[in-house]
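Below is one structure. I have some questions about it.
Labels for the chains are A, B, C, D and E, by order of writing; each one numbers its residues from 1.
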């Protein structure tokens, strides 16, 4: 609750800071202060101190899982700001507004991770997506940015329509919007078709938001077209939050129907892994490759949905959210510094910028799921959870084979950085903040890869 | 002094030390010192061997166990030596003849550079070591170690002049052909292990004799084991089909040919079979095969020898032929005769080779007898000793060859259709006499056909070379005396000596003594006739091109070419096929193909991302319909 | 404690190496570290099997059921010893090789050593998997940075290939873990599993493919010759000498005891693959002109034999493999050292361009001949007892008698073909007349002589008295061969 | 009976208008037909006694939002047939796919367990402003406040997008 | 009225909206079709709300059951309004740059 209110307030504060403060660096400082406050109040709530007593009528509920994820989201946002806040200046003039939107998105993130009512889910998702439409289009003179924004907007509102139809059907079945309407289904009773149809529509809509195949089409274009600084944000924190919402929704509302939708989820996972990984192979732009890779990573994250309700899935998705967010923010931050998004742009980076290259290697290894990085353990949790269900071994084998394919495109970047010589690089200017941020991210990735309890123990105590 | 048996390990060890000293110090030692070490170590072993022989003759046999070479579970393979009648006899031959050849070598190889000289002697010492290991080993594995060791030394010595590619190829050929046999030997060892659980001769023979409970060989086992061992022997002892390496092995220095490719190593197969006589006697099939292969080899090699012009090649084919004789004897069950022939053959063939070495030395490296002639005047010692060797090998009484060869010929009657074997063997013996005396006459008689320069250089070899010739000539003359058969009122010393190891053969088709003597006389007379014929033909040799059948013989029945065509080339081509087609196109092609499929898939799949919002929505709707259908109408 | 040190020392030393700048210091530091590890490893090997120093366990990833559990058992002793012996030899033998950025090179080498040690001592499946990947990555970097012209493509193929294998293994590990009672990854838990035949078959292939790729055996071998050819020699030595043993270790530790039924019932298939590989690789080796590729293919044949011997499921085979794993590592490193010297001095690896080196570099020729002969398992060299035991095991392999005989004979063809290509290699490279390429060659330098002398010394000593190696693993092998196969192998159809 | 007739009239009106929205070539006509649809739907609301929504629908949707649309269309000067008739197959496919979805949904929902349930028509007071307002400012006060955040974002968004660079 | 009628009516309108999204290329009209979809949902929600109200009335005459459905419609309208403002802003921005609102021109980003 703390974070929900504070983040909304911070959004407003940032709005006005743009008017009050003339210096971008000052705005930035306010934003940093804001995110730290957000982290603090969220930590307070984890310790049991709720600052605002609001009668929420069982529409929202915060539990450990939510709070831990929110901390991850805020932490990741902090790192994200650390690494990219300066570069946001390049996007456009509305510097303070970008931060305001980021905070509003965080407000939405809090909502979608804590909803107990489909209404809150709907509002939360809208609060997340509407700022994103804008951030995507924030590079106004850039036609690619315009195009991405419009595509995102059209497809996004379409999926909203789908989701609302789903909600309506569910409402028709249960008569309210609570997510606990069908917490259990008696043995042998066939679920109402209204409910099942509504559930499927919700599944499609959420699959759209997390960019699972075949609802992923917006992802590459939008990620590619959006300003890189914002791609980084929406591909990581937002996506992870929607995942949490996805899992929360299916756990609370449709957990009882698991055997009914598991097969479809399995198909979606397989398709997501296939399309995400295979298509990424041939990409010539690293940015676009990362867009496809985010699809493939989503395929892995969906295993948490597939397995649902197991400890492995819960811990795994938390770890995955952290690992994936950190690594992706990191690699986007590096990408952002290079003018050239093609693979050739990375050539010889290890000689020009050993620190950038070295940390980028850590990020890529983590994304590829190499041991002792957080990426490995998170994938490992996912596989373990999936195997724990005892079903669909083929899916797991397929997933690991696809993980091997993913090594192909991630390592192409490493090859470019380390094994190829550079053609005269544009000099890269990196501030101390930035470098510290990179090292911090790399360290966190390795820490989580070696000792994930650091994070996971927060789920229990 | 019984305790000499306690220090038998010194017999192989001393040459090994010689090998190490000469091998490591070849750059620092003088030639004299190298020669001294080389000869001295072998001499020391020889003296010990005599000593051992005396002990054995008194009936003291001994198995010395040093340490477990390999011990895995129940399988224990000790590093152990077995000193008995058979091995002590071979010790004598090896160290004795070996010593003489070492001495000979000091002079023969004197023109080599010091480090190569050292290398040569170290190889020779290593060979002696390996050969001693082979005969002293108390089990098949130690024997196999020696067996491969001598193969290695043979390889090293054939390729001693390593700048010459042809020589190196000959060395490779020798090693590889040996390896084919070695593989069979190895498999035989494994088979024995399966049945016996060990490889010690004593254990194996005990099982074969049925003296061990719970462990026995089936007849099939025996046949398989003995056949495999025999294949091993064909490799080492140059029998059909693996004989072609031996003539090529003449690329090595002549003393090496004398030692390794005539006197000792090539007889390892005979030693092994004689050692395993207990097993062989149990398998009639194998015995017959051995006899037939031996006889065929003897005949084939003899025919080839008829038309060879390289002095060493003639001797080489003669060796192959003589080895064939020995196998004939083994196949007939006359193990003693075979061993006896090993001994006499060691004397006269070493003599002949060293003699040829002396000739080559004198001719400045020339080996083609067509370019020789009339050497008897200049090389008196060589000539006379060579003549003795020829007489001995031709089998004229009372020289050594006569007795051993006769023992073999007579033994053929043990076989079914013995008379056929006898006739063919006899014919081969006649051929032997013919080609040996052709060699003698063409080389030493008539007029000199070489260059003026060679003529100018002709001289008798130094004492270090002629002395061994004389000693060996002497042995060739008297060597047969130890095996005079009872028919001739002899007492068959060698047969009696070996009887503890080799059980006397029961003559199945015993022939009357009178017949035996008659046959001896007939064959001796025929040999003399053949020699006379050779004298008539070759006393004034003039070279002329061979035609027709002669040409086939001169080209060794085209066996090498045949092997090349049906084995080497196809394998070579098959390897190329595997390398260029299967490995790169198929196996790697599949791997790369998987990558290519993914790449292709990637190129096609990304087209789905058409950039058109309408198509995106369409595909999403299609997906939704698809999932709805699955949920509601397929997986109800 | 010792296994932990074996991992930690090279790891830390490797990280430190990154910060050195002076070439000489880097090299000395690398050598020093490897010698320390050697001493430690020798001490570890000398301890009795139940010594507490050989085991270490610490909490780690408890929630997953894993722990940092390391243990040096019989096979671990052999392989840690091999690793510890190899690195000083490699460092000494390649002392003269020049690298740009030697600090990175040596650092990665040491990190690779840490990874390898980890693989060999890990007694927890997850830990094993970690090290399995970690050993790969430094080698991948070394090969890709310092390798030959086609290095990037070739080493990448190698990486992906082995990665695919290892992720399948990961699935296998996970399945096994889910079957254990207390959801543990420890090897004891795995060892005490009772699996049905069908499960075993699945698991067998999930694991075996990973190991087969690593070894490699036919038809998973195609990464290997290219990689060996393109990698810098030091990396090639590590890969061929030590890394391929990871596959064998995997079979010994993670397949044989855990899925004995499938191990038995798929034995014929695995052995067939190996035996085809032996003949196949040998025939291809005969046609190779490139020294590195020739040795690479010969290695495939050798490893194939080792794999066969494992699947023979008897003590002789297991012990033979134990011995031969060590020997093969030593021998092939020796060959690579000389090939590297030849390449450095002549600029060529093509046998058709070489020749006559024995005149220019007699010591090198002698070393090479001895090592090459060891490579073809000549008696009184180290490989003979190993190959003897392995061949011996084939004839009594737990399969039908006909298969056993066929396997023995065809594997035996490898001995003959091995002689063919090895002797040809010696002949074409060292014998004959010198030519323009080889005329400039000088003989070995002192460090190379030291390295090669050590190798030759080991070859001879083990060749004459192999028992001291066999004794190290004897108990382990007996347990493996007797306790696990016989009762469990019977449950198969 | 009257409600039946009314229902059918309103339904046919709504569907016809909706079809006209998607088939009209001129965007302005589309907007007008959409407004017509909204009126039909508002009629349904009134029939269902959801007076508040009916009013809001007319005022907000038909009145404000659609005028905004119309305004934008006018701004862009698109009051004529601007869409070239290419990509026929895509339209076909789209129609077929949409039809399939309808078919599948109808087929799935036609035997839902509530098919015999009635919706209360012309009665019930939950749709009255008083009741809804009470609910909105008690139970749903949090979402109500949250929707203000939504409007803030929309506002900021409009500023960001609309600001001259 | 049987609630089934409303369901089918809503589905029909919803599908018409979808078909419109699929077939039209003018971004504004696509957006309008999406609005049509939302209205279909609204109608359905109201119908369901009345249905649940009817059900609850049988037990309790003073119930407010079903009012949440109508409130949801209210929120949908709120969101739709916000969305329209942003969406039209984006469309206008696009139009300013390329002088077209045809979605087929949006093909710089593909593959």
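Some observations on this one:
Convention: a contact is a pair of C-beta atoms (placed from the backbone, for glycine too) under 8 Å apart; a residue touches a chain by one contact, two chains touch by 3 or more.
Remember, predicted model here, so these are calculated numbers, not experimental data.
Counted as hops between touching chains, the shortest connection from subunit A to subunit E is 1. Farthest from subunit E, judged by the mean position of CA atoms in each chain, is B.
For subunit C, the chain whose average C-alpha position is most distant is D. Of all chain pairs, the one linked by the most C-beta contacts is D-E. Measuring from the averaged C-alpha position of subunit A to that of subunit C gives a distance of 43 Å. Remark: subunit B and subunit E have CA centroids separated by 97 Å (rounded to whole angstrom).
The mean-CA centres of subunit B and subunit C are about 36 angstrom from one another, to the nearest whole unit.
Centroids of subunit A and subunit B (each the mean of its C-alpha atoms) stand 77 Å apart. Subunit C has residues 160 in contact with two or more other chains.
Annotation for subunit D: residues touching 2 or more other chains are 87, 90, 93-94, 97-98, 101, 105, 108-109, 112, 114, 139-140, 143, 147, 150, 153-154, 157, 161.
Residue positions 119, 123, 126, 130, 133-134, 137, 140-141, 151, 154, 158, 169, 172, 193, 196-197, 220-221, 408 of subunit A are each in touch with at least two other chains.
Touching pairs of chains, sorted by label, consist of A-B, A-C, A-D, A-E, B-C, B-D, B-E, D-E. Within the complex formed with subunit B, the residues of subunit C that make contact are 157, 160-161, 218-219, 221-223, 280, 283-284, 286-288, 315-316, 319-320, 356, 358-359, 362, 373, 378-380, 384-385, 388-389, 391-392, 394-396, 408-409, 412-413, 415-416, 419-420, 423-424, 427, 430-433, 465-467, 470, 474, 477-478, 481. Note for the complex: subunit E touches subunit B at residues 18, 21-23, 25, 30, 103-104, 106-111.
Against subunit A, in their complex, subunit C makes its touches with residues 60-64, 126, 129-130, 133-134, 137, 141, 144-145, 151-152, 156, 159-160, 163-164, 167-168, 170-171, 174-175, 177-178, 202, 206.
The touching residues of subunit B, when paired with subunit A in their complex, are 598-599, 601-603, 605-606, 608-609, 611, 613, 616-617, 619-620, 622-624, 627-628, 630-632, 635.
Within the complex formed with subunit E, the subunit A residues making contact are 119, 122-123, 126, 130, 133-134, 137, 140-141, 143-144, 146-151, 153-154, 157-158, 160-161, 164-165, 167-169, 171-172, 175-177, 220-222, 224-225.
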